[in-house]
Structures are given as C-alpha cells and as structure tokens.
Amino acid sequence: MKDEVFFGEGMARVKKDYPELYTAIVGLNEAAYTGKTLDYKTQKLIALGINAAASDERATRKQMMSAMKEFGVTKDEIVDVLRVVLLTSGMPSFNKALKILYELLEK
Amino acid sequence: MKDEVFFGEGMARVKKDYPELYTAIVGLNEAAYTGKTLDYKTQKLIALGINAAASDERATRKQMMSAMKEFGVTKDEIVDVLRVVLLTSGMPSFNKALKILYELLEK
Amino acid sequence: MKDEVFFGEGMARVKKDYPELYTAIVGLNEAAYTGKTLDYKTQKLIALGINAAASDERATRKQMMSAMKEFGVTKDEIVDVLRVVLLTSGMPSFNKALKILYELLEK
Amino acid sequence: MKDEVFFGEGMARVKKDYPELYTAIVGLNEAAYTGKTLDYKTQKLIALGINAAASDERATRKQMMSAMKEFGVTKDEIVDVLRVVLLTSGMPSFNKALKILYELLEK
Amino acid sequence: MKDEVFFGEGMARVKKDYPELYTAIVGLNEAAYTGKTLDYKTQKLIALGINAAASDERATRKQMMSAMKEFGVTKDEIVDVLRVVLLTSGMPSFNKALKILYELLEK
Amino acid sequence: MKDEVFFGEGMARVKKDYPELYTAIVGLNEAAYTGKTLDYKTQKLIALGINAAASDERATRKQMMSAMKEFGVTKDEIVDVLRVVLLTSGMPSFNKALKILYELLEK
C-alpha cells in the first residue's frame, strides 16, 4: 500500500464492513499517487498544499507527518508549500498550518 | 517580476490607483515563490493543485497556461496534479480542471 | 419544533436576547424542512451530506446523532450518504465523517 | 454504467489517455452509488444538495438534468433539496441553484 | 423590502410557487439586515466581503452594484473591503473581485 | 504593528526563521488594514464576518477577542455581523460563531 495517510483506524473498519467500498478507495488511492511523471513526494506536497489551503487541520497534520516520516521532507520544504498557501488562500489557512508544523517539530 | 499569472489587467490598475497596496502584493508574491528548497516549478504545480481543488476555473486556467508556457509543464504532469485533486477534493473539481486542460491543449 | 439539531444552548440565548432574529430562524427552519414531496428523513440525510462534504465536524456529528435518534437511521444508511461525500468531495471529508460515525456507534 | 453525469467528454479522453485512472474512477463511482439501503435516486438528490451547497454551477446543472431525465425527479422535489441548501449554506448558493432550476424548466 | 439584491427574478417565482418559503426568506432577510447597532451600509459591506472571499462572482457583482446604487458606496470603500479579502482569502478571490469592480466602474 | 491578531507565537518564529517572508506578511497586513476610507474597526468586522462565514473557529475566536479588546466592539455589534453570516452562509457557520461569542462573553 503506497499511502498510509488515508488508511487509519476508520479505513480498517470500512475494509471489514464494506469491502467493495474499501477496494474502490484503494484503487482510487493507487491511481492518484501512481503519477506518470511527477514523483510521489511531489504529489504528497501537492496534497499537503490542498489540505492546508482548505484549512483542514486533521488532514494537514496527517500529510505533514507522513511527508516528514516517509520522505524526509524538511521544515524548509513544508514552509515553501505554505508560502503558496498564504498567497492563494490567505492568512488564516497559513497560520493554522504553520502552528501545526511547529507543534510537530517540537515533539 | 517572477509570476505573471497574478499580474493581469486588474493589477495594472491597482499599481496606478493604490501603489502601496500594489507594493505589498508584489512583496507577498516574491516571498511566496522564492522558496528555500522547492523550485519555482514545483511551487507553481502546488498553486495549480490548490486552485483546481477550490474549483476556481479562472485561477486554474491561468495557472495551467502559465505552467505550460513558462516551464514547459506537460499534459502528463498536469494530470498528475489533478490525480491528487481527485483524491482530496472529489469528482466535480477534477472534472472541471480536466475540461480546462483539454480545452487548452486543443487551442 | 421540528428540528432540534439547530436549537441547542446558543439558540436559547438568541431567543432571549434577540427574539426577532430567533423568530426568523424558526421560520427558516420550518420552511426548509416542510418539503412538499421529500420526507423529513430524506431532507435530514441531505443536510448530513452537505455538512459532511463541507468538513464541518460539529454539524456532521449533530446531524448524525439527530438522524439516528429521531429517525432510527442506520449505520448502513449513513455510510450510503458518505459514499456520495467521498465521490463529490474527496477523502479528507469522507474520513472525517467516517471517524465521527464510528465514534458515535461505539458510545 | 450507472451514473452518466460524471462521464462526459472529458472522461472519454481519460479512458483513452489514462486507462488505469479511468478504471479507478469507474470503480469509485460504482462503489459510491451502489448503496446498501438508500436507493440511487436518494443518493443522487444528496449529490445535488452537496453540489448546490458548494455553489458549483456546472455540477449542479448536470445533477439536476440527470435527476430529471433519469428518475423523473420533479421541480418540487428539487426545491425540497434546495430548502436544505438555503438553511445549511445561505442565500447565494440557494439563489444560484434556483436560477439553474428555472432555466432548465423553461427549456 | 430592504434588500433588493436577493430578490431578483428567481425570487419572484418562489413567491408565486412556494409562498411559505418566500415568507421565510423575507423574514430572514429582514432579521439579517435589521441590525441593532451596525448600520445597513456596514452590513452590506460585510456581505460583500463574505461573497468576495467565497469567490462567488455572481453574488459579488450583485452586492457591489447594490452597494454603489443604494448607498453611494465608492470605489475606495470597496477596495478597502477587498484589502481584507486579500489578507484573509488570498489572491484568486481578490483578483476576481477586483476585476468585477473595474468592469462595473467602466460601464 | 497594527493588527496583533495574526501575530501570535507562530509569527514570532517566522520572523526568526524566515525574515523575508515575515517582512512580506507585515507589508500585506499593513496594506490590508490601512484603508483609504473605511476605518480600521469596520475592516476588522469585515474580517470577522469572512472568518465566521468560512466556519473557521480559530480565526473567528481571535477576531472576536481582538475586536472586543482593541475597539470595544459590543456583543450587539458582533451579532449584527453574524446576522449577515446567517443570511449568506447558513446555520452551521452562524451557530459555530454564536457559540464562540457566548463562550467569550462568559469568561
């Protein structure tokens, strides 16, 4: 399985209770992250940007943790994503993501 | 000026009518796209993903045109961005961006 | 009063402090849920879908609790709503709502 | 194929250019609309509500057309969906969807 | 009727076809704009900011036209609203609203 | 510095780690709130309306606290903003902001 971000506890239950739905989600996830030219890390940074721009704290935290653990994505790289979030989506989204980043770094 | 996407006709008027606001926008734009580690092209792809995820047709079209013209970004690379949009933001956003992409390619 | 979901503690204060605003909200609520052809349960499932698609945890939880308690809506019916959320709005919204559902079921 | 709404011209190209992505989308669509207990028509009305609440004109129009043509969904039923949109998402979303509905009815 | 913005052609039909829904909407509108301390013009500028921040072109245009015609709101006042939109919601929303403003001014 | 709302702990770190980004944010903030005709308080109420409409609890709370402390904005004035949020953005956003307001008032 390529992306563990979306496959937490909830997904384990979907697998058991709704196996055909689980299969579709796995298929979607595989097709999303099996890009033709962009590498997986770049696609993950795009997902992080989208989640942060949408002010989604839970998804932003998961994507940041996954990016740092799986790909060794650095603080500077994440801030470079958040610069784009600031420009496209404004201060509240940027602030929220920044706070999550510093919390994760201090752990 | 690094990014011409955001500097169309409207911005020319802001420059003339509200020069101090214009200066702030230029400063923001410079700071956003002068990343420390990610290159400009990657940051532009992130901006494209955010705009497409937000179902913003106008910004999506501008980002796609800019990406293809300035960086020679290919159709496959854009589709790799849109795969992430599909996963994170659903079919309507994906469909809208896909339609814009094929329209631009046919021109 | 038809829908208790929107009438928690905050609304009790609005009733006391801003009675004319309260009256308008009650009128809106009545007009919204007194459909001509769709039954109340179906309208509540639509509200649940909209709240979950908007990644609104608080409103999603309230709608799920109300749907299960007032109408005996089942887990399978809620998952059928969330399938549509997945398709139209992507994985983060779906995951968030799924997590809320399983938390409510375990209580 | 159950739902033709999402399978317009753009999707025909995805099928040809990115067959593995197309397969995943078909799988997602099947899993989304093959509910266990809610019927397909109810799921489509939920999708309509979500699209209208998100102020997505293109998707709202497609869902309305599909609902009326495939299921004989009536004007009153759609207005019952839009009542929920008004309550959960405010006047601009409601107005936009209402305008689309009346335009479709007059054709 | 205080606010003509929301009462275009669509609403005339709601009045005829769904009078009880129309009554609720009028009540909501009255309660919304009959503030206790803020004047109507300030409330309209807030509505404009919200619509522009949500990238809603149709509602933004209607609010701008209404603000200029009903209250003699000036270009500078609208730009002052859009400054806040830029800070809270990013460049694409700001750009879209700016373009609408200059189009209206040139008519 | 005019607006302390956006300059909490996270921003102190940006100042130290990414000084050129910090400078751009300060410039943006200054340009946003140095309106030509609307006063600062009105601009802050617009920002509050936008944050509440976007269902952003964190930003809404910060804006309310700042508005009450810096400008002596009253409960009635904030409710007048929230009336517009209700009309433009629906009950869930309104409810969330109302709850935050009453919590702040009871402290």
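All chains are identified by letter, namely A, B, C, D, E and F, in their written order; residue positions are counted from 1 within each chain.
Here is the rule we go by: a contact is a pair of C-beta atoms (placed from the backbone, for glycine too) under 8 Å apart; a residue touches a chain by one contact, two chains touch by 3 or more.
Model, not experiment: these values are computed from the prediction.
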item: Chains in simultaneous contact with chain A and chain F; value: B, C, D, E
item: B-D compared against E-F, more contacting pairs; value: E-F
item: Identified repeat of the A-F interface (over half of residue pairs identical), from A-E, B-C or B-D; value: B-D
item: Whole-Å gap between the CA centroids of chain C and chain F; value: 27
item: Two or more partner chains touched - positions in chain E; value: 6, 18, 21, 25, 28-29, 31-32, 36, 51, 54, 59, 79, 83, 86-89, 91-92
item: Category of the chain touch graph - line, ring, star, complete, other; value: complete
item: Residues on chain B engaged by chain A in the complex (per definition of touch); value: 6, 28-29, 31-33, 35-38, 42-43, 45-47, 49-51, 53-54, 59, 74, 76-77, 79-81, 83-89
item: Interfacial residue positions of chain B with respect to chain E in the complex; value: 6, 8-11, 13-14, 17-18, 21, 25, 28-29, 51, 54, 56, 58-59
item: In the complex with chain C, residue positions of chain F that touch it; value: 55, 79, 83, 86, 91-92, 95-96, 98-99, 102
item: Chain A-touching residues of chain D, taken from the complex the two chains share; value: 18, 20-21, 23-25, 27-28, 30-32, 34, 36
item: Chain B to chain C touching residues, read off their complex; value: 86-93
